[in-house]
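Handing you a structure now.
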Amino acid sequence: MSDLLLVVFDLVLLVGLLGVAWRCLASTDLFRAVVLFITFGLLLALAWVRLEAPDIALAEAAIGAGITGALLLVTLERLRSIVVERRRGQPDEPPDPAGADALLHALHDPPPPRRTFVPALTFALVVGGLMVTALWHQPDAVGLEPVVDEHMDVSGVDHPITAVLLNFRAYDTFLELAIVLIALLGAWSLGRYDRLPARPAPGPILPGTLRLLVPVAIVTGVYILWAGSHAPGGAFQAGAILGAAGILLVLARPRDLPMAPSSPLRLGLAAGVALFLAIGIVGLLIGPGLLGYPPAWAYPLIIVIEVAATLSIALTLVALFIAGRPAGDDR
Amino acid sequence: MNEAAPAMLPLAISGLVALSLALAILATVWPRQAHRIGGYGAVVVTASVLTLSALFLAAGPEPESAATRVALGGWEAPLGLMLHLDGLSMTLLVLTAVVGLATSLYSLGYVHDPIERRQFWPLWLWLWAGLNMLLLSGDAFNLYITLEVVSLSAVALVAFTGTAAAVSGAMRYLLVNILGSLSFLMGVVLLFGEHGVLDLVLLEARTEIGPTERMAAVLMTAGLMVKAALFPLHVWLAPAHGSAPAPVSAVLSGLVVTGSFYLILRLWMGPFAPLATPAFGILVGLLGVAALVWGSAQALRAGRLKSIVAYSTVAQFGYLLIAFPLMLVDPEAWKVVVFFAVVHALAKASVFLAAGTLQHAAGHDRVAEMGAILRARGRTVFALGLAGVSLMGLPFTGGFIAKYLLLEAGLGTILAGSLIGVLWVVAIAGGGLLAAGYVLRMVAPAFHHGPRDAGEAVSPWMDWVPLGLAVVAAAAGFAGTLTLHTLTLTPGAP
Amino acid sequence: MEWLAQQLAPGLIYPTAGAILFALGLYGLIRRHHLVLRILALNIMGSGVFMVLLGIAARGEGPPDPVAQALTLTGIVVAVSATAFALALVVRLTRITGQAVMLPGPPDDHAPVDDISREEHAPSAEYDREHRE
Amino acid sequence: MTTFYLVAAIFLLATILLGLIRVLRGPGSGDRMLAAQLFGTTGVTILLLLSMTLETPALVDVALVFALLAVVAAVAFVRQHGLPEPSGTPIHQRHGQKKDPDDDR
Amino acid sequence: MIANTLTVILILAGLVFFAAGTAGLLRFPDVYSRLHALTKADNVGLGLVILGLMLQAGGPADILKLFLIWVLVLAAGTTAAHMVAQRTWTHGEFESDR
């Protein structure tokens, strides 16, 4: 009986997921698209839970609810303020530059022309159809689960996913940290950060809530980091939670962002990657190979790398939210 | 020396990866010295790649067991990641090192502002490290990750100048790159779903012709064709390469696009080898002819120096598509195609660098008004001409050897009875003619009478590096035998 | 009833839904022209790929394949960083061109070429001037 | 017992899909954000029920993270969206808030 | 046995409040009344469900964690409701699309 109910749960969830995704892409108003996308992230986290992947659900929750939603909303606001600034000079400037239709114009995308409808639809249907047929022909389970279990005792941690991430396929995880850093270097190369325009929210409620939430977020982040070695959790989820706490602080007081001098900030940003490579090179010289750990030292080294990675990811996500290099970097 | 070499090889491979990553991190953490780290680092990386190639050749492996596979972290194939070095990746590593060194030295003179140096060099070193790792990687998912490292840093470098053309070109390039990577990743996921293994060599042993392989082949090849700007999916190339800084467009046209082509070749020689059918080959060949004609036509019409060179990249990559049907008939022809890609990358990089110097001197790069600058700067025009000659394929240059061998393979197909072979031969010869057209269009104003104006002073790096690279591109002809010998050391290749 | 439950096992429904999400994102990417919507379409395509991967991992009775979950986690972090960079680029593009829509059309030859190697292009001089007063 | 949790989870999922109507139709952007906030809470509840159904205690951590980060989207919405403050609105004078000189107008 | 029936009753009561919250969200005329529907579903609906789950929870740690979740959701609900109401009150519904 309960597996039939699980099937019902799956169907309702997937119908909701596809519906939200379709409406999100079909909406002419950008804000509605962003809200639908946040809901899409929530339903996606439920899908990962249903597929027995609590780690991924944790990451989707931390990154989807915490980082992507706020990032999209801030981007929409930046687009709006840019469009309003540029229209101030033009003759067809709206009567009140901060008026409703300025908001309308900036965050509105007219429905696409009819002519691209049929080719786009047929192309997408062909690709989707071929993929579904390929997937339905595939045999049953053929994963690497047994191989991972054989080597779990040597991996230094007893949560299989953390073992795969930080020991068996450490090279992928290292490059992933590098990609987060490169994305930030790219955002910084575009120019210095602009003042984050913010609507005033006077009154004690916002600071009060933040005073309650930010410490709890930090404690939760450290707990999730520590739980990573034996239960779902780890560096990326913890980094995303601390990053979200950082974003909350930036949103609360966008004016006085700390003017961190460039070298300590860049050291913190690259700490995860630098430490990972240093330990990897030590592994190359005395251990089993590049990015490998001598078995006796696997657990402590993994913990050190995870702490550094969490710090770097949290800093990088907040810097990506601000999306511009600090003036201190140019001195 | 002979028995020590194979033992040293795995250490040298891991050492090269660690070195290029360490340089990138050092430049990121210490931005004020980033240009010095980049300059000296480029020399060190090139030296280590050359010693690696010496070790590889000294090990003298026979073709079957040539591939050196290094288990990262000590974990063997199905579980861990393997670095994979064979003739094919060794040749392209040396190419990346040579073009990388030339571009780094050129950038020392090109990027002079202290603020911009701090942003340029970390991104460039990450791009170079990404290319090295892409060429050495032997795991399907790891290829996706290295492709992401290469594309993100390449997009950031394209948007570096900050003009409207550069940023919109970079935006289009980023969207195309992410689409290509996702399509590639979906192919990898389908293969993993079918076989449960990610390592390329293990995949090659297990793939047979089935719906999953066919769909994965379509998705991965389409994703890589988007990144390699092969004909039907090349729209993003001209605005991105045309408006990027000169050293960046040299690397993009030379290495990044060639890296994606290398991956297509690696996949179609490995896991997807049984899927290549003659009809598919002819289709790809026809796309190549279309690329050749369209690219050359655009190059002949373009108004700006860099646009000409960017469109010529699209045209020359038409050759690589034409070579695909040739490979189906005569499997040995794949070595010629790689040699052509190497020579093209060297020549294209030097042409872009020379164009950058001319643009710096003139303040603009509209071809019609470059006469005075061309007449005054003989050294750069000579570099432009020498590399152009190699692009055209005149005798004694690398381009000539490559085109000659391609023609030989084309004639082979005609003798083997396929009538379409005539089209390939005509296209290859005609391509050389068209290349002569747009190269001479860039160089011809130098021979007209008229005022000479040296324009703005150019740093010695920017003056001599294009010439050096052009000489190397031309001399690649003499290195033909060594390159083809290295290429034979690729196991699993026909 | 048993056949139905077996057919609708998560190992089959979720990969199918993932493939549909991939196609939906592809459709949205082609149709919509606003850059933020295109970035959302790419994110939805990425989620589709990860759903196929995790759907495959959930096949069979045993616990799901940890390698597939590790790959998905890596993919999610890569997707977030690419999205953040893309949004920064969109804001930069809007600041320069005034609109957040892709500019089709061939590059015009007379656009100003801001060559970073020339002397007059010196952001540090402008920075010093800014910070002198 | 687990079937009951599952029925409850399905019911809550249905309420989310119903709530989507408000997101699609909602005239003001405030309504949409409220709907998203409700979905967050319902999501937390579904996660708790699923943690009992699938017997995986880790899902309580996921619910904890969701509960924690539901605020980020709401704060980002309020601070970053909607019309900027027309100058001289009574709200400032009444609270004696020092008018932020360089706030975006 | 008693615990099970108590849990079922509490969770059912919680579901009623969630249903009321969603119905209120759909039916109420303007933002301010929808706020109340939302916050009811938060604190009472979730509260009852969490109370029901606390009976089934294993050790005291789980009970405290569930309680923490409830407190956090309360904080989130009230903050969001207050700030949206304040923004809407000061200068009208910011209609994003007519």
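When the chains are written out, they are named A, B, C, D and E in that same order, and each has its own residue count from 1.
Throughout what follows, contacts are C-beta pairs under 8 Å (C-beta built on N, C-alpha and C of every residue); 3 or more make two chains touch, one makes a residue touch a chain.
Note that this is a predicted model, so its numbers are computed, not measured.
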item	value
Other chains in touch with both subunit C and subunit E	A
Chain centroid nearest the full-protein CA centroid	C
Distance-maximising chain from subunit C - centres being C-alpha averages	E
Chain of greatest Cα-centre distance to subunit B	E
Result of counting contacting C-beta pairs for A-C and A-B, higher pair	A-C
Centre-to-centre distance between subunit E and subunit D (centres being mean Cα positions), rounded to whole Å	10
Centre distance in Å when subunit B and subunit C are each reduced to the mean of their C-alpha atoms	25
Separation of mean Cα positions, subunit E and subunit A [Å, integer]	26
Gap in Å, rounded to a whole number, between the CA centres of subunit D and subunit B	48
Subunit A residues counted as touching two or more neighbouring chains	6, 31-32, 50, 52, 67, 76, 100, 103, 131, 135, 138, 142-144, 148, 168-169, 172, 176, 179, 182-183, 186, 190-191, 199, 201-203, 206, 209, 213, 216, 330
Multi-partner residues of subunit B (each touching 2 or more other chains)	79, 115, 141, 145, 148, 152, 155-156, 159-160, 162, 167, 186, 190, 193, 196
Multi-chain contact sites of subunit E, meaning residues that touch two or more partners	68, 72, 75, 79, 83, 86-87, 94-96
Every chain pair in contact, whichever chains are involved	A-B, A-C, A-D, A-E, B-C, D-E
Interfacial residue positions of subunit A with respect to subunit C in the complex	3-4, 6-7, 10-11, 14, 17-18, 21-22, 24-26, 30, 33-34, 37, 40, 44, 47-48, 50-53, 55-56, 59-60, 63, 67-68, 71-72, 75-76, 78-79, 82-83, 86, 109, 112, 116-117, 119-121, 123-125, 127-128, 131-132, 135-136, 138, 140-145, 148, 160-161, 163-165, 168-169, 172-173, 176, 179-180, 182-184, 186-187, 190-191, 234, 236, 313, 316-317, 320-321, 323-324, 327, 330-331
Residues on subunit E engaged by subunit D in the complex (per definition of touch)	4, 8, 11-12, 14-15, 18-19, 21-22, 25-26, 31, 34-35, 38, 41-42, 45-46, 49-50, 53, 56, 58, 62, 65-66, 68-69, 72-73, 75-77, 79-81, 83-84, 86-88, 90-91, 93-96
Subunit E contact footprint on subunit A (complex, rising order)	28-29, 31-32, 100, 103-104, 107-108, 199, 201-203, 205-206, 209, 212-213, 216
Partner subunit A, residues of subunit B touching it in the complex	10-11, 14-15, 17-18, 21-22, 24-25, 28-31, 70-75, 78-81, 115, 118-120, 122-123, 126, 133, 141-142, 145-146, 148-149, 152-153, 155-157, 159-160, 162, 167, 186, 190, 193-197, 210-212, 214-216, 218-219
Complex interface listing, subunit C residues touching subunit B	15, 22, 29, 35, 38-39, 42, 45-46, 49, 52-53, 56, 65, 67-68, 71, 74-75, 78, 81-82, 85-86, 89-90, 92-93, 96-97, 102-103, 106-107, 109-119, 121-124, 127
